[in-house]
Every structure is written in structure tokens, then in C-alpha cells.
Amino acid sequence: MEFHSVLREIEQFVKSELYPLESQVWGQGWKDIYPVLDEKRAMVKNRGLWIPQIPVQWGGLGLSLHEFGQVSAVLGRSPFGHYCFNCQAPDAGNMEILIEFGTPSQQELYLKPLLEGKIRSCFSMTEPNHAGSNPVHMSTEAKLDGDDYVVSGHKWFTSGADGAAFAIVMVNTDAQNENKYERASQILVPADTPGFNIIRNISVMGEVGSGWASHSEIKYDHCRVPQANVLGVPGAGFRIAQQRLGPGRIHHCMRWVGICERAFEMMCTYAARRELSPGRVLASQQSIQNWIAESRAEINAARLMVLDAARKIDREGQYKSRIEISIIKFFCANVLQKVLDRAIQVHGALGMTDDTILASWYRHERAARIYDGPDEVHKSRVARLVLKEYDVKI
Amino acid sequence: MEFHSVLREIEQFVKSELYPLESQVWGQGWKDIYPVLDEKRAMVKNRGLWIPQIPVQWGGLGLSLHEFGQVSAVLGRSPFGHYCFNCQAPDAGNMEILIEFGTPSQQELYLKPLLEGKIRSCFSMTEPNHAGSNPVHMSTEAKLDGDDYVVSGHKWFTSGADGAAFAIVMVNTDAQNENKYERASQILVPADTPGFNIIRNISVMGEVGSGWASHSEIKYDHCRVPQANVLGVPGAGFRIAQQRLGPGRIHHCMRWVGICERAFEMMCTYAARRELSPGRVLASQQSIQNWIAESRAEINAARLMVLDAARKIDREGQYKSRIEISIIKFFCANVLQKVLDRAIQVHGALGMTDDTILASWYRHERAARIYDGPDEVHKSRVARLVLKEYDVKI
Amino acid sequence: MEFHSVLREIEQFVKSELYPLESQVWGQGWKDIYPVLDEKRAMVKNRGLWIPQIPVQWGGLGLSLHEFGQVSAVLGRSPFGHYCFNCQAPDAGNMEILIEFGTPSQQELYLKPLLEGKIRSCFSMTEPNHAGSNPVHMSTEAKLDGDDYVVSGHKWFTSGADGAAFAIVMVNTDAQNENKYERASQILVPADTPGFNIIRNISVMGEVGSGWASHSEIKYDHCRVPQANVLGVPGAGFRIAQQRLGPGRIHHCMRWVGICERAFEMMCTYAARRELSPGRVLASQQSIQNWIAESRAEINAARLMVLDAARKIDREGQYKSRIEISIIKFFCANVLQKVLDRAIQVHGALGMTDDTILASWYRHERAARIYDGPDEVHKSRVARLVLKEYDVKI
Amino acid sequence: MEFHSVLREIEQFVKSELYPLESQVWGQGWKDIYPVLDEKRAMVKNRGLWIPQIPVQWGGLGLSLHEFGQVSAVLGRSPFGHYCFNCQAPDAGNMEILIEFGTPSQQELYLKPLLEGKIRSCFSMTEPNHAGSNPVHMSTEAKLDGDDYVVSGHKWFTSGADGAAFAIVMVNTDAQNENKYERASQILVPADTPGFNIIRNISVMGEVGSGWASHSEIKYDHCRVPQANVLGVPGAGFRIAQQRLGPGRIHHCMRWVGICERAFEMMCTYAARRELSPGRVLASQQSIQNWIAESRAEINAARLMVLDAARKIDREGQYKSRIEISIIKFFCANVLQKVLDRAIQVHGALGMTDDTILASWYRHERAARIYDGPDEVHKSRVARLVLKEYDVKI
């Protein structure tokens, strides 16, 4: 099937099958709506649209990053989009690194059921006691003990841990290594390993959440796993984390573009319909016209920049695209926040309610400016990379 | 007691008695914590600090608006502050208009128990089917039938209706009046009146809430109340609404200043303590220094402007202070949003959680730019008032 | 020659031949430096790079809009760029409409010497007594008198009139036409026509200017020109003005992108070199890193959006690209202002001086947010076009 | 005379005597208009309003800082205001430090004619080769040679040096002192001292300027002056510089408030009068209403903050007011830039011209965010002072 047909079909599916879910099941816990979502997943599989981001040999559509970016923007319009196509974070990233770095046995045990949507997974990196903006500042450790690693440490914001079959955990295996980028490893820890203790689902912006839609605090208390559970080689944890970053960035940023497009539509629809007084609609107000125009401009900019970065990654690889990858992170996250803020302002009191999906996005997507590196880290990084050409090291 | 001693005592109370509640009861429904709050209210009464905004003859401290503004900034530092001193919206506003416009019988029945904290009340104005930004665009009606008014209509965002003893309802009593500012009346409707139907507590930014901390959708289905329940005279609804506006604005804006001060303290405390790497704290980052400086500047500006407006209202009345009253609304609401946003960014992942109070303020105080007139309405209003001096009518 | 070779050659020329002019002749009046510029123009002709935007049959390089956009960004890096390649405003626009709407005789008399760079021209539209943001609100009139039109009116901001051989003047020829878009015509008025009175070169941001680099106030006092001097047909003035708009927008916006790139380079160079204290350069400051990153992001966004619009105009025409054409106007003009402001802040006191070119751009390019429609007009226009899809007419 | 009468009289004078000068002499070099200005100065003296900031015993009005701040806001409305009252920078600052630190002989020679307006002076601190944002990073030196100091160094942005009778020069007298704040001294250098070489008046934002309205680059080439020309004691240069800072800040910031008020008036006047189409004025546009409201709010905030700082300095001294003094610098400078930018946007093409005074302010007052410490320095300073209370040293 030609790509643009695929894209149109996915868009059609999102609008006809997923939009209606918002009024039907939104606000219920994620765990409670798995049956409904499973039906939708089955439909996606039947239509041959399952795991679009995954290479053909692994059962996906084999889209390039530039193509999948466009799919992600369509899926992002619904809070159920990525999940129903099995390309939601963090599973999508976990699939990628298992494809690239997994041993045949790891792929058999962990990757295959993940691709099939039979299990979910999580990625356990951030720690409450260390600034997430510094990825080499970490305490969780895996100590060799015979043929096993024994993992101990304290993580949080392990998204989707509630109900996951396994975690990929970032741990120090060589904390004293002089090269701070070689201290960490990524290691597979099944959720039924003794010592894998989910302390709580963290209440985030008023919601504890459940299932995939949750963020757990986890204590790893002497979790014993075989050495064979290490991804790639010991010490490669940081490098593998980098690897998942480029594509993940495109996924996220285009998901945000999708949210923006949806919020933009809602803003326009409401402004065109809501009367200030008989016959005079909100859209007649110049302030609202300004927001529509500014939002349209910024969303266009965001989309073009992410697709440009995707094309560059497809063509030249992640390393050469580092500036673009950092730029889209802070640029798009800020566009997202502005567009959502304006959409809420247009909706007035209604925008504050959970009668529309805007309020949920407003509060949960505030995290976009924080996770995967806060704005400030990316800005400094861009500046440092740019300044290299000016013979200054800072 | 001299005012500055009162202020210091209140601040002391807020810090020692109310701050600790945040870790103890925050996140529980308001209804579930009434017993704890009632204890605190008793302490406030014992210390002679009860209803500070109310004239001495009615049992309050008789503070001027300029003084109460400063109290409100102190109380605003805790989400429990205003409630524990019985000066929370909308009860404080209802007390004021009952004092000014209530008949002796209305005061006996409604005002006294309100002042004593025995009952709560609500103010029912906003309608889902009409833009709240246009206060004369409204459908709820009260029709005369014998000695009674029969109230029918559809309201929402009636805050604190859940558990209130009565509502003051904004209704059209003369919808065809050529003077659109004389169409409405305010009328007292006891909550046990047949036809007073709370449809739901609206889920707002992820929380349904309960008790005082809720926003209800209400259908008034032929609620019959005596004519004597009208406040002031029929047709005075709009004028009375204006009356409550000036002091209410000072209360709210200074409450926001209080929130800002608290968020500012939290931001500084966290920045001073959180390490990016061993020995290097967040506060060493220039971006964070910028936010601290900009926040300090903006909060100072907000505080000075509100107190200046309060002084002017105290001295020259509301009418002459219309420009200032509108300016502080949009200026302070925007400072509040910026300061909270920065405080969350400084806290990183922690800022997204409900482990601090910031996330709750971030989402619920988004409404500050909407209720009591969105930014845009106040800006246009200021411009129109300013331009009067330039001989242009727009 | 393949396009990218052309582009590289032009960039090389700009850097080696035009950059040095800044320290040599910058600050002198334009009229005084024509000899130097004429030398450069001769070099451009010799290298076969002359009038790149013009079709091959008229002696140009026949670049598409998408290609010329990229050239314009390179030329924009120098204040002498467009002029030396004879693609400066308003001549470039005048060439375009003479090619499209000129009669053979008009082309012989006006177009050919213009293409050859033997004469200059101007475009006389804006009037001091009417808001330029409303292009159909105009007083200058051309009255038929026998075979002639007699033009009378008051214009200003006729750029480059000082020394121009002719003006294309926007005049009402049918002021009472019910269709306000058919009232105006464009008419060729030679500068030696009696009654063509340049009142003054307007002092703009501290500079009166001269020659091409000037903005004149002109009184047309019964200028008599033959009917044959009308462009296209009488009444087509507005339509022709629209015609020049799309390409002109791309030229301008990419010129601004070029200015931004140059300012960005200067900002980085200075930040990398200037010491705050021995060994600690400006670039070490996070605020400056933020500006570098934000500028890089915004310039990338601007470039991608303009090129995307150019591609769309090339492919689908101006009419279908109206939203994009308006968006790039306000978006790029604002990026330009922000980037220049940051570049000046980085340069500190030096940025205020005319020792660099930044200060000149800072003040003269402030006009970018005003000419060809102020930001506000374009925003409202975008909103109206977007809202058409939402069944609302405003 | 009671202060408010003084203030009203000054305002009256500014409006009736100084406003008209703008259309009469604006755009001419400052040197060419001294005769006109001298007439106005004579009038000011006759009315007993001369040097209002100076203590009564020295012939001034003895206003407090809080009072003079209000005067400065009135004078700032005209570009001729401060000059005509002899309280213009840098003379006002020089007067202050001569009063406080001058010897009787210095006061006789330098202060008295300055107070009388017979001579002008300059303050020579900034150096082209060192970042002005770091005041202890400086190369100019004064070497003891017998009873004399021999001053050598390179300064620029010495405002008003052209025609000044003397300079107060910041020099290192003890460059190796371990305490970097004790390395510098301030020293009086008469302009006729051999070796006092004004290289040029720097072209700033398109204008070379002359007389008081100029910024010179100066080479001090072995300027020999008696030791007695040191202000205070050797090594006190930095401390004295600090001393002039607080009052100078109030003067400047209130001057900016005055500029803002004038720009605001011009913006409102023009918006109320300029027609977009017959009968529809600019002021009817909501975007312009927004700017009017936001400007009114920000100017009010700026004024209240500066007056609050002035009151604090009057009451508690500069040291305790350091946070406020830094805050008003960056806050007011940014308000100034925003208000001027909006005023120009409202004026459209006219705003770009020198037909109004806005364009001159727009370009020259861009320096407000740079001189006396750029925004970034003040923000970091505020943050550091605030964070002291949080037990962190950064």
C-alpha cells in the first residue's frame, strides 16, 4: 500500500473509531478500558496497520522515520492513538533497542510478545534522588554475583510499570569507571522478579492513573537476574539510551504536533460557534483571531522542523542531526504548551472541565518541557554544538 | 490589637498550623477533612482572628481593604488559609452583600450562620449556554407567581454548591427591560428548595472535588421562593454584582500574590538544595537565576499594584478605581501563571507530582485568567476607560 | 550551471566582495557609493549571476521561487546584496509586473533599462493621510483628460524615488466603483513629468538617506501622462498589486532570514571571543546560550516555512497559498526583530554603535512588522481564511 | 512651596515650554540648539525650579529621592526635560559625588560652576576592550609621578564629553590589590589637560551626535593631574561608583517612566484619531486595545516599583535596597522597550519616521537594557541576593 493511502486510512480510523471513545470511556482508569482498546487493536491488526514504525521483517510497516513522523501526528490527535497501534512510549523505544541490541533469546522472550501486543514493558531510568537532567548522575546498581546481576536502587517516573511484564532498567555496573559514559548498563528485569517492588503509582497532576497510563515509583530490592539479561554489552547503557533518543524524539514531537492540530481544530470550532451575544461569535474577536493565526504559524513551524529533522536522521544518522534533535524538543514542547493554553482560554470555563480533552492535555503535557531533558538542557546543548564551529569550548 | 501584630499572628498561624496539613490531608476530598479544618477554625476564633474582612459590629476585625489585602496574601500561601478564617469565596462576597443589601430577616436567616461558620453558601451566576464574559447574556428566569418567584434555569460553575445551605442566584426578573443592566435580580434560594437539583460536581482539571472545593452544575426546576428572598430591589442584580466585584478582586488578587510567594519560596528552596551533580546546585544555573529575579520583580509589581488599588478603593470608592480593578485582574492572573510555571520547571519531575502543592495550583489556578472576566475582557475594558479621555467612543 | 553551484558562487561573492564594503563604505550616503557598487554589479554580470530572479528569455537565471528564495537568503546577509544583483525592492517587483502586464512599448521603454541596471524605479502606493493597512483606502486620483491621465495626490514612503527614472503609481481611476477592488489602477509616471515633486526624503529612524536607500514623500501635482501608461487595464491596479505580493513576500522573508543568519554568526563570534573576565567568555553564560539556541530554532523555522510557501506557490499558485503567504510575513518579521535584539544585547555597548551593521538593521528593519501589511492585518487574514472551513464568516 | 505644587508647575512647564521644541528644533544637533535651551534654563531658574535634586544648602530644592523620582518622570516626557533643569546624567551624578566626596577646593572649582549650569562634565568609565558588565575588569591606569597622577587608557561611551569642562575618570591606582574592589579610584581630569584626546563621537544608532547628546571615545595619553584631583581617597573608586548608583537608578528609571507615559499618550491619541476606514478608528481594534491595557498596567507597575524603591532608599539606605535597585533596572528597561515598540506599531509608517519623537527613543533607549549593567547581570544579582536567605552561595 502506498504511504499516503496508509496515512489517510490511519487518519480515518482515528477519527471514526477513536474520537468517539473520548466521550464514552475518557476519565475511566486505563485498566478499566483495556477491553475496549483491545477491540480497536484487533481492528488495527486486521487492517494491516499494526506497529507501523517496525521493520517489515518484524511484522511492521517498515516506515522511514520521516513517514512514521507523519503517522505519529495523526495518532497524536487521540489520547488512544499510539496505544491502539502499539507504538506507544515506552514500548516503541523498547522494541527498537531489542531489535537492535537484543540477543535471539531476549528477542524471543521479550520482543516478540511485545510486538504482538501481548505484554507491555517499561523503561526505568529516572531516580527521585538525582536530577534527571543529568543522565550520568545515578545510584541504582547491578552487582555481579556469580552468573547473576543483583539490582538495587530507587527509581520513579517509570511510566507504564503498573501491569508491565518487564522493565528495562538503567543501572550502574561499573560506577567507578573514569569514563562516566561507560558506567551504566541496561538490563532486563521481569516484573515478577522478587524485589521488584512498585511502591506506588505517583499522583501526577491530580491523577494516580493505572496500567499503561501511570507513572510508578519502584524500589529494586536485590532483584536477581541472569547476566544474559544485559542489553548489548555491560557499560553500553548510555550509548543504547542515546540510540533510542533520535527516533523517540520524532515520535514524541510529532505526537505533540498531533495534539496541537486537534486543539487547534477544537479552538476554531468553538470560536466559530460560541456566541458572545446573539449573532456575535467568539471568532469575531481579534484576540482570538491572533491566537488562531499564531497557533497555525507555530504548528506549521513545528511540523516542518520535525519532518526536516526526521529526513536528516533517515539520511545522515542521529549523530549529525544532534542540533536538530535538540531543537525540536524544546521548540515543539513550547508550541504545545502555548497552543493548549490558547485553546483553553478560548473555551473559557468549559476549557477547565474534563468535558473536553483539553484540560487533560494541558496538565499532563506540561511534562513535555521536562522529560527527556528540560528545555534548558537542550538549549545549552544546542549552543555548545553551534559554538564548536566558533572555536570555543564551554 | 495593632494591624501589623494581627498580620504577623496570622502568618505565624498559617505556617505552624496550616502548612503541616498539606502533607497530612492534602489529596483527600474536602468533605473528608472538615473535622480537621473545623479544629483550625476553632483555634482561629479563639485567637480573635475570625472573619477579618467583616466590620466589627458583625463580629469581624473591621479591616480596611488595604489591610485585608495583606491578610489575604498571607492566607493565600496555604490552600486552607481563607477557609479556616471564614473569608473564602464565594461566602465572603455573599456576606458582604447580605450586610449591605440584606433585610433584617435575610440577615438573621442567612447572614448570621454564615458569619459564624455554621453554614456555607454559593453564588450561582455562570450558565453553560452563555458566554460568562458577557454578564447580561443569561437565560435563567424568576417568574412572579402570587407572592413567590419561581426560578428556572441551568447554571454551572456554582462553586461550593455541594453542601451549601443556600444559593444566591442571578436571574432575569425583567428580561425585556430595555436597559439590559436592569433585567437581572439576585435571589436567595435555600438548597432544600424542591427543584434545586445539583446535576453533578463538574470534573475540573482531573478532579470532581467535593464540599467547598467543588464546582457544581445545577438545574433550577421551578424552585419556588418567597418574593422576600430578592436581594435589594428587583432589577438590582447587576448593580449588586458590581458591588461585590471590587473587594472580591482585591481578595483574589492578593490570594494569588500569596500563592506566588509560596511558590517562589519553594522554587528558591529547591534550587538551593537540588544537586545537578555533586556540589553543583540548580541555583547555580543562570536560567534559574533569571526566573528567580523575574518572579521576584513580577510578584513585587503585583503586590504593589493590588495594594495601590485597594488604597484607592478605600479612599475614592470602586467607581473611580475601575481601571485599577481591571488591571490587577489580568496582570496578577498572568504573573500567577508564570510564577507557577517556573516553579514547576525548577522542580522538574517532582513539580508534575502531587507530592508538592504546585501541581494543584498549576492546574486549578489556570482558571484565574478566565473567571470574573477573562483577560481579554478586562484589557478591552481598561482600553475603553482610558480612551474616554481621548474623546473616542468605541 | 547547476543551482547549488550558483548558490555557492553567490555566497562566495557576497562574502569576499560585499562583506568588506561594510567597513569601507558603510555609513556613507548611498548616492556616494554608487561607483563602488557599480563595479560590483559589473562583476556580477561578468559571472553570469545578474538578475537571478528573472526568466531566461529576459536575461535572468530563470530560477523558481523556491530557488530564488535561497539566493535571497544569501544576498540578505549583506546590505548591498540585492542591489548588486539587481534584485532589490521595489525594482524586482516592478520588473515582474512589467514582464507580466507591460505592453511591448512599456517593456521597451521601462523594463529593458531596468533589467540592465541602467535606471531605477519606485512604487508609489502608501499615502500619509490613509492607513496603509487598508489598501483600498486611498485618495490619489488619475483623471482622464483627452488621451491623458492627470495624476494628483500625496504619497509617502515611496522607497528609492530619489534618483528613480519612473514611478509606478497606485491611483484611483474609478473611485466610485461599487467594487472597491476595481477602483484603482497602476500607472507609469516618469520622474521628469512636470508636477512630480519630491517634497523630501523622509528622515527614518535618524537617517534621511539618499538614492536607492531613501523613502520619499511625493506630491503629484497634475502629472500628465498618456493613457498608454496604464499597466494592464484600468481598474486592475489592486489585482496587479496582489500579483506582485507572493514573490515579493518570499524575497523579503528570505532576505530577513539572511539578515538573521548574519546576525546569528556575529552573535556567536562575539560571544565566543569577548571576555567577561580573563578566560571566561560571554558564551559561557547560560542566558546567551539560550539566545543562541532559541535564535537557531527560530531561524530554522522561518527558513523552512518560507521555502515551504515558495514551493507551494511554485506548484499551486498564489491564491491557494494565501495562508502561508500571510503567515511567513508576520512570523519571519518577528523572528527578525528578536534575533537582532538578542544580537545587540550580546554585543552590549558595541551593539548600539554603527561600528557593526546590527544597529542599522535593528532600527530600519523594525519596519518589517509594518510595511506590506502590519502583523495584525496578516493575523486577522490568516484567521479569516482558516475559519472559512468552520462555516463562519467574520 | 509644597511639593505637589512644584510637581504641577514643572509639568506645566514641560508641556508648554518644552513640548513645542520638538517640532522646532528636534533633529538639529544638540550643539546648535544650546541658545534655545539656555533660554529655557533661565526660565527654570527664574521660577525657582533649578536643580531640584540638589540639597537646599547647595542651591537646589532639596527633594527626597521619592519626590525627585516623581519630578524625573515628568521631565522624562520631553527629551529636553532633564537638561533644562540641570539634572541630566551624568552631571547629576557628578554633582552628587562632588557634594559628598569633594574637597572644598574641588567643590569650588568643579561643583559650583556645574550647579550653576556654566559648565558640563562627563563620567569616563566604560572601556572598549573590557566588558562593561564587569566593573572591576578595566585597564586605564593612573600612575603616581611625584605629586601628580599620570592617567593613560582607552575609554568609550563617555557621554557628553564633547564640550565638557572635566571628566571624572575611573582608573586603576592599585591594580594588584588583592581586593579587586579597592583597585580603582575616581579622578578629576580637566578636558584641557594635554593628552585628553577625544578620538571621535561614536556613531550610535545612526547618529554621531554633538555636545551633551554624544558618546565619545577617548584616549587618555599620559594626562597629568595633581594628586589632589582624586575623589575621596585612592582606592575608593568602586565604592563611590556604588554610591551614585542608587539615586542614579531612580533618576533613570523614572525618566523611562516619563518616556513611557508620553509614548502612551501618543499611542492613545493616534489610535483615537487615525482612521482605518471612514468612521472606524485604530482604537476600535482589539489588538490595539490590548496594547493600551498592557502598557497602562506595565507603566503603573514600573512607577510603583521605582517609587517604592526610592522610599526604601530614603528610609533604609542603598545597601538594604540592593534587590529593589537591581529589580527596577531590568524591569523598567523592558517595560520601556515594550511600550515604545507598541507605540511605534500603532503609528505604523509614521512611527518609523522622525516626524515624531518615538523613533529616536526607540533606537537610543535600546541602550537602557545595556548601560549601568545589562539585564542579565541584574537578574543574576537579584537571584544571588535572594538566595542568600536560602543558605546557598553561588
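Structure notes:
In order of appearance the chains are A, B, C and D, and numbering begins at 1 in each one.
Just so we're on the same page, a residue touches a chain if its C-beta (ideal position, glycine included) is under 8 Å from a C-beta of that chain, and two chains touch if they have at least 3 such contacts.
A quick note: this is a predicted structure, and the numbers were derived from the prediction, not measured.
Path length between chain B and chain C in the chain contact graph, taken as the least number of steps between touching chains: 1. Greatest Cα centroid separation from chain D: this falls to A.
For this pair, chain A with chain B, the centres built from the Cα atoms lie 38 Å apart.
Rounded to whole angstrom units, the spacing between the C-alpha centres of chain A and chain C is 43. Among the residues of chain D, those touching two or more other chains are numbered 285-288, 290, 376, 379.
Of all residues in chain B, only 268-269, 271-273, 281, 283-284, 286, 288-290, 292-294, 296-297, 300-302, 304-305, 308, 323-324, 326-327, 330-331, 376, 378-384, 386-387, 389-392, 394 touch chain D in the complex they form. Of all the residues in chain C, the ones that touch chain B in their complex are 285-287, 290.
Those residues of chain C lying in contact with chain D across their complex are 27, 126, 128, 130-134, 137, 156-157, 202-207, 274-277, 282, 285, 287-288, 344-345, 348-355, 359-360, 362-363, 366-367, 369-371, 374-376, 379.
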